[in-house]
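Listed below are the structures to be examined.
Same chain, two partners: chain A is paired with chain B first, then with chain C.
And now, the complex of A and B:
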């Protein structure tokens, strides 16, 4: 069975005034239809750039150096802007981090949702159904994300709604085109903790019911664990470890993954000082040679400075890119 | 929205009263004895005293202020010393001419400034953007009188496409007034030849007057569009599959229009106050010329009248801009 999403040795550069940022350095990710993948990593590790590249809305000046992103047997990185319109929102759609800034403040929710629905028909070259039908669809979409007061919400502007409500609306917009693949870019980061749980529960329910394939991006390991069957750990533009969530969270092999998990507070057991990974994420204009993690790695040796580690299998559906991976 | 409108109108009335009070104060602290000025250089002290009483200048300041405000409310702005006609009648003659010129210039500024600012932002750093930027910088930098004369030389003298100056040819009778704006009146009366004549007269001065305004509208709109196009909700709209043209025309332009509107309001007031150079070059019978010639003759009442008129129009425009703001941005309505 071929994967629905296949990212193969994908390298991306972003030229800046100070030099070329090597933001993505050979990403390999494969995702089966109906599977859920969580991408974890620190801020600036390239996870959002990767997510946006899948949607074709990455930085304008970004340059693909090598590799492909193949979705449903189509190489996305070779699509024209016109072709993209038949993909965005219809086959792949996205939900975003901060639901306040990702909704247009000057248009009502109804207008924005209605526009999204209309745009999907236009993009596929189908005649849009009558206005009342499209409005009814707006209502159904809101009901799908468990908004009860649909008429009031449709007439509201974003600033009149709560953060949780706005995130539900963004989810409704993302689902409007009945996409196969849903990319969730830190969907709970900007929300209150109680709302986070609600949104995660809602997403979990939708994913199960609609059989969505999901790529979720977060630095919140808990949120990832709640939604994803598989996990990829990113560091400085590379995937350092990838496998089932269970295997990675219970038995991390990469020193970076270990550090990341050790940095989480443990509410069970005795209070212990949190461990931090020493150092900061590297400058991607001049990334460290060999393994990009070596300057911060407790296990680094001479070979780590010289050779980029190959990705190797360390168990059923568990790969790691490290010269000195834990057993 | 209704309470918002009421509040804005209340503020408008308050500001207008403030402006009236301020002009009263300024004319009173200005050096020189108005009674003596009216009486003329050869008047005796008795004559000056008579005039002082006639004009109520011997009364206490608050009483004078009450009279002044009362006169203002009944539309009495006093008489011009030079022409001895009521200032209000003279303003009624000159204000529509300036207003027409400024309105045409404003329409030009908006029709060219907004779309080109938008295009310039969409094609940032491309050829079109470079051309537009050169154009907008020269718009701010060219002195109006020089640019006006240049246009006259080329389009009126060399090509003979357009008339050199004036508001209508001497042979053309103005239409029976309805709004006192020639372009509007001639259309309403169905006098299309007059309309064409009036339009050909207003084009050159309107271009000259609109140029700096057009340039600043363009620059503000460009800068705002560039910023809005990078904002999160535009990224989201793209991700949801909204077409690029719709994103630019509706999702981004509406947001970028807010600061542009503020600029339009400011520029409208600025144009009203700075028509004098253009009016001089094009011999346009407007308030700019009227104010300057009155000021040179130390004829204060017309100057005060013109100040009030410009001030009032400025405030009305800005109130309209505020209302438009609230109409566009729902967040302001509840504020």
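And now, the complex of A and C:
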């Protein structure tokens, strides 16, 4: 197995006062170096918990029931906090939904970027280069995310910049440690469509130029389709379907994937009626038996209530977990 | 009758007299010594029985227009006509009387419902404020509204936190249509919801409009949703109208560069081949 990231039968429980949330239920994902994976799903499906677990910043009280997350031949779930400091930000970086929340409003962009660069040297136990070199590195990082007037931006405070600009800066910070893997958790959700298009283009360019591997999390199928070569569809803590974006989006096999795509209004607007998925997402303290989608599934039969469907291959790089998958 | 109104009526026939029309609406906010023109000279007509969409990016002024139309914030200048009456001139009891005919649904259903009130009392509130309906008749009305939004009658005893986002938004819609208004202003009603729930709400709104003979003013930043739901559309940017027309015409052949940029920015999903 030469995959850069390998998640194997990963199960995660989160104890709460009301009971144990079975938040991830046997996740299998493999991702090659330089590839892009979009994880799509609705709120509460576990996509953010999964992303945070890869980064080692999952919920503190979460309990791993089974499985491993292996990155670059290292089992991440067995790292000590000291070991994590040599992985987080250096090998794996993350950007988040709301760029304002992750910047300190009291410090200039230059100061924050400078601190990130300095911290990377400290975490790796290396002597930091001269201050002027680190400042030059700040400028190069901003150029990498296509910010033109670097001097003005370095002197600015976060509130003086637009949402799109702030997201570029967070991407620059994420790239400071030259990571192999970038996790983007809803990177464009808080942004207007025109800005969203620019950020997606920037990420696309980084994948092509730097050979960056990206895991992007989103509920927006359009944004996922714009960036990802491969797609994993999550529902209630399980990956129901996974494969190339083209294959999944043009020929979805799982009833949930179909329902999700049919629920999206089409901007080309050829007046095809919307179809809603009946019901609501299940409570993960007491998830439905068998296939977790069965109570809402138009194709469900007795076996769906009894047995969890095995993930099986239905084409070149296309797997589905369903007893009654479409052909 | 003004010349504009005459022109409209000769063009489209007298039955197309707008239910709501706004002329030259402007809102200036005074912030820290600086004036900010949130809305600048916006005119629009909402035809009865139709859905007019206002689409724009954040800060375009679309929500401010919605709130001015409802008289929730006062326009700095301009005029709003509702059913041929000058709404901007109304105040006090006259305004209160008109309010029952125009209702608004907000973006975030989680903050639009009082967490300490049951769903039943949330839906009953418009009747208490605007009518003399009480007692058994009120109970009957509340249950009928729960029926319209396809929620079980027993939901009237529940509290907002026990409901999902989509269910809460349906409660907000039930409350808004309780007094059978003629105009429903929907300010990003599905933006806080998941796509499968969004589809449920959009289908419900389409069905409800026909059943209750409603007219919608639909505010959204989501171009695909506007395309799907609206007969006519107004594109706003920086407080001004950039372009307006029938939804099909605007989306198929936008005249303005800004509209085209907006439409082209929406990522396309490869078509389903089923």
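In the analysis below, the second predicted complex is superposed on the first by the 324 of 327 C-alpha atoms of A that agree within 3 Å, B and C clash if a C-alpha of one lies under 4 Å from a C-alpha of the other, contacts with A are read in each partner's own complex, and residues count from 1 in each chain.
Operating definition for what follows: a residue touches a chain if its C-beta (ideal position, glycine included) is under 8 Å from a C-beta of that chain, and two chains touch if they have at least 3 such contacts.
Owing to the predicted nature of the structure, the values given are computational and were not obtained by experimental measurement.
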item	value
Fit or clash - chain C, chain B, common chain A	fit
Chain B versus chain C as contact partner of A:57, first or second or both or neither	first
Touching partner for A:277 - first (chain B), second (chain C), both, neither	second
Touched partner set for A:286, first chain B, second chain C, both or neither	neither
Contacts of A:115 with chain B and chain C, given as first, second, both or neither	first
First (chain B), second (chain C), both or neither touched by A:96	first
Partner chain in contact with A:306 - chain B first, chain C second, else both or neither	neither
Partner chain(s) touched by A:251 [first = chain B, second = chain C, both, neither]	second
Minimum C-alpha spacing, chains overlaid - chain B and chain C, in Å	8
Chain A residues touching chain B - in the complex, by the definition given at the top	52, 55, 57, 81, 85, 88-90, 93-94, 96, 98, 101-107, 115-116, 119-120, 122-123, 157, 159-160, 170, 173-174, 176-177
Complex interface listing, chain A residues touching chain C	42-43, 192-194, 196-197, 200, 219-223, 225-226, 245-246, 249-252, 258-269, 273-277, 280-281, 326
Of all residues in chain B, those that touch chain A in their complex	231-233, 235-244, 246, 250-251, 254-255, 328-331
Residue numbers on chain C that touch chain A, as the complex places them	57-58, 164, 166-167, 194-200, 202-203, 221-225, 227-229, 247-248, 251, 261-274
